[in-house]
């Protein structure tokens, strides 16, 4: 399994942070994904230059994702 | 079934909120979708920085969708 | 038939309103379409921030369509 | 034949007007096209916010076309 | 042969003028092309709002081409 | 093996620097990649015009990568 | 072999200059390429409106390339 696919599989049920092309950041728990890197997150918090707010459950189209930061979720697993 | 496909299937007939690439937000009841994530919504309300207005029934091309927020519609089902 | 394809088929010969990626809105009668969602409209009125004008018959490349509002045309059929 | 393909076929040898993604408008006689909606126009006039000028024969890549207005060219045929 | 392909074939060894998506104009002699409309031009002159300069031999990725003006090169052939 | 694929394979476990389409620069150790040039980096430092910060482990969608600078990581290998 | 492929093959080991979609110019020696026009350059100098700097070895994703100027590198071969 490639490194990107492996990271995503291990990130399920963990908290991740996304940077999207529209400059928004979303942080939430990754519920699942598909081959297009479409993602479902729960307990989502949206962070923009104007502040943050809770969004609940969100489907993100993969083509809008720039980076997925998995450090928060994966750190515990690495110890 | 992948998590994104499952969320979309469960969201049919529920209210969802979309963020589009042209900065518009659309909220409405999801009537259906296809494999390109083209969506049909009814009772649509368009929300822009200039205010909101009712649009009725709207077809949204999937390539313009950034995020689909299904919390409003799915919350009742989860209880 | 998927919900988006069904809406489009029923919208033929009805008036629809399009929002395009270049911020223009086009309203007209839908004459037909193809699998790429390329659309032919007649009696088109173009609405921009600078005003509106009549364009006659127009072919719209599907990739430029953000949303298609079919409420005006479909309302009579639903009664 | 789909409505968009039919309109394009009938527009050959007629005058059409194009709106391109770079905000230019081109008007000219349609000499021919291919499956990607690449178009060849002759006697082209380019219209921008800075004025208009004659360009002669021009190949337009289809992916840059937003709308093709065929009213001028097709009107005579409809009578 | 489609009209766009025919125009391109006839334009080889002729002078053409390109409008690119980054607002540059390139004029030069067309040495050849491929199926993606990638183009090789020689004796290229780049024209921007800041002036013009000579670039020599240039490969242009087809996806950046908006229009190719072949009038200069093709005019002699049409007589 | 093509030069780009060879460079990427040799860069695994080395430090690389990325320039992304959203104007961010990311520097980190390359853990792995897939055929879409999706990349996993560890010990990532993000550098923007507003300063730099540590991000930990990051998945970068390949379509957002403009350039990958491998000099830092590959220099030792070349001696 | 098409003209674009032939130019690229002959440009290997020569100095080339690239114009990228993010307005950067990169000049360097072309080490190799693949079918997506992904390029590996060495001894790269980056030129922006803010000045220039040395980058060493760089992988450029082909989709970001607008033009490749091969005149500098190919001139000696043509004599």
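Read from first to last, the chains carry the letters A, B, C, D, E, F and G; within each, the first residue is number 1.
Here is the rule we use: a contact is a pair of C-beta atoms (placed from the backbone, for glycine too) under 8 Å apart; a residue touches a chain by one contact, two chains touch by 3 or more.
Remember, it's a predicted structure, so these values are computed and weren't measured experimentally.
Engineer: Listed by label, which chains are in contact with chain E and with chain F?
Structural biologist: A chain counts here if it touches both chain E and chain F, which gives G.
Engineer: Can you work out the rotation angle that lays chain D over chain E using Cα coordinates, in steps of 5 degrees?
Structural biologist: Value: 50 degrees, nearest 5.
Engineer: Taking the mean of the CA coordinates per chain, how far is chain C from chain D in Å?
Structural biologist: Taking the average C-alpha coordinate of chain C and of chain D, the gap between them is 20 Å.
Engineer: Between chain C and chain G, what distance separates the C-alpha centroids? Give it in angstrom.
Structural biologist: 44
Engineer: At which residue positions does chain G touch at least two other chains?
Structural biologist: 21, 63
Engineer: If we trace the ring from chain A over to chain F and keep going, which chains do we hit, in order?
Structural biologist: A, F, G, E, D, C, B
Engineer: Going by the contact rule set out above, which residues of chain E touch chain G in the complex?
Structural biologist: Answer in residue numbers: 20-22, 24, 26, 31-35, 38-40, 55-61, 63-64.
Engineer: Going by the contact rule set out above, which residues of chain F touch chain G in the complex?
Structural biologist: 2-8, 19, 21, 23, 37, 62-63, 65-72, 74-75
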